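Each of the next two complexes has chain A plus one other chain: chain B in the first, chain C in the second.
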Partner chain A sequence: MTLDGDSGHPVSERVRLAGLAAQAIAATDGITPTRGPVGRWQTTSESGTVDGVLAVEDGRGCIELDLHLAARWPPAMPLQLIAEQLRGRVRRSAAIFGMTQRLGAVSVAFDDVLAEASSS
Partner chain B sequence: MALLGARGLARLTALLLTATLALAGVVVAVFSIQGDSSTLSLPSLVDLVALDALHASVGGLLADLETDGPVAAMTGLAAAAAVLLGLILLFGVLVRRRERLVVMHSDADGTIAARPRALGRAAETLGEQSRDVLRTSTRTKARRRGRGGRLRLTVYHARTVDGTAAATAGRDRLRALAGSFALRVRVRSRVPRRGARVR
Partner chain C sequence: MSTLDKTTAPSNEVTRRHDSDELGGERGQTTIGEGVVTKVAGLAAREVPGVHNLGGGTARAIGSVTQKVGLGDARTQGVSVEAGEKEAAIDLTIVIEYGESIPRVAEAVRDQVIKRVEGITGLKVVEVNITVNDLYFPGEDEPDEAPRVS
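Right after this comes the complex of A and B.
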């Protein structure tokens, strides 16, 4: 457990990793988190909710992250590259905060597209 | 598969029940037109469907139920079957089907995938980039296992536009999207029906 910087609440590693994933999503161009029709895709804790990130701890102590996104369409780069870039950011953040061993699979799902008005 | 069966049964039952209820309502309404014992009166309807005879037979059945015997055993079995049918219908109505994702890439580090509806919207946006296209519609399905899925794009165009060319242009625009998600693409062209709205 660590303390959340904003609220001072104790934060589990699961919630901390969800927060890092949310920061990685915010830093990646062309995507926004989506929490689903009834808020299924979010991580909730005393310090608040993290939209678009489902953090689940498996039986072996690893925390799996499911990132649910809406992508701007057409995208500036292929969706697979965006997803790989995002996963790389999440893993680097986890390494910086010493949570590499705890981080399990990081899955990315594009649940919606935000179509831009075409000029052609 | 069981869920699909239960959903189908629930839909069929709902359709039959609502149709029966509507028909019964119409019959009662028609037989309420006249009063007393005229042809289109409720007493006449009771005579017509032999409710008195039904009341007598149900009364006999209820009397048989009170004593041990084959009728009571059969009725007990029928009641158990009705409860089971009710549970199946509840399962079909309440359990939501999980939408499969179209998988782009999957390994031990995780999966990269997209929801079929999102891919459909992306394909529609690409298809509508052509000036010749009035609107598009899509149908996308993910494969049960492994990567990829199927995408069907329908391109609606004006009568003056060559349908084959419109379909080919639509297919070309989808090439990158289809390649990255391993989608089997089928594009067809249509002229909108007369009077159909164009977005």
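Right after this comes the complex of A and C.
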């Protein structure tokens, strides 16, 4: 467990991986995280809330990530490629922070499309 | 009202799949919601010149009310999608601008919807059924009377 730089709260590996995933989402063009109905797709901790990322221990020592996204219209590339790009970013970030062994499956769900005149 | 026949599209990639990494473990799956396919189809249809609006008269009337109170979404109005793991069938109800060729616009809509849905989602579009519900006459939406106050 490490300390969050901003709040000073202890941060678990689960929350840390969720944060890395959020950074990967922010760094990927054409997508934005969706928190889902009543914040269903969020990871919350004392140090804050990560929208669009569910980080769950899988019971085998790994942490699975469920990423929930909205794609901006028109997408610059097929959604599967965006998902692959995102997965790659998350895995690279996890490797940089020495968490490769802890990172399980990274599932990507596209739940919405956001156009300029979006009403949702 | 005119219903134009279905078409088929060339084969493409699947939308839901399991990817294995070099270690043979599961890397996770990619899921594309049916709502996403519906919105992509609706937005694609609206890109075609000659398409004035989507949806039947009742759907448009209800849609205009629900959108005003923040419940509706114009992008899904007039679009019905049945999506499986690899294929999708799409039904569209459209309003075409008066003077445009209905068969030409319908074919252009079909091409655009197939191109966008297959390109973006990877689903194979097996059917695009188009119902031309109404014609739009320019000026139709303008108020009948000028406002009494400026």
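FYI, the second predicted complex is superposed on the first by the 115 of 120 C-alpha atoms of A that agree within 3 Å, B and C clash if a C-alpha of one lies under 4 Å from a C-alpha of the other, contacts with A are read in each partner's own complex, and residues count from 1 in each chain.
We take it that a contact is a pair of C-beta atoms (placed from the backbone, for glycine too) under 8 Å apart; a residue touches a chain by one contact, two chains touch by 3 or more.
Remember, predicted model here, so these are calculated numbers, not experimental data.
After superposition on chain A, the partners chain B and chain C collide with one another.
In the superposition on chain A, contact of A:Gly48 is made with neither chain B nor chain C. Looking at the shared chain after the overlay, A:Gly36 reaches neither chain B nor chain C. In the superposition on chain A, chain A positions 64-65, 71, 73-74, 78-80, 83-84, 87, 105-113, 115, 118, 120 are in contact with chain B in one complex as well as with chain C in the other. Those residues of chain B lying in contact with chain A across their complex are 101, 104-105, 108-115, 117-118, 121-122, 125-126, 128-131, 176, 180. Of all residues in chain A, those touching chain C in their complex are 64-65, 71, 73-75, 78-80, 83-84, 87, 104-113, 115, 117-120.
Residues of chain C touching chain A in their complex: 13, 15, 17, 19, 25-33, 35-36, 39-40, 43, 67, 70, 72-75, 116, 119-122.
Chain A contributes residues 64-65, 70-71, 73-74, 78-80, 83-84, 87, 105-113, 115, 118, 120 to its touches with chain B in the complex.
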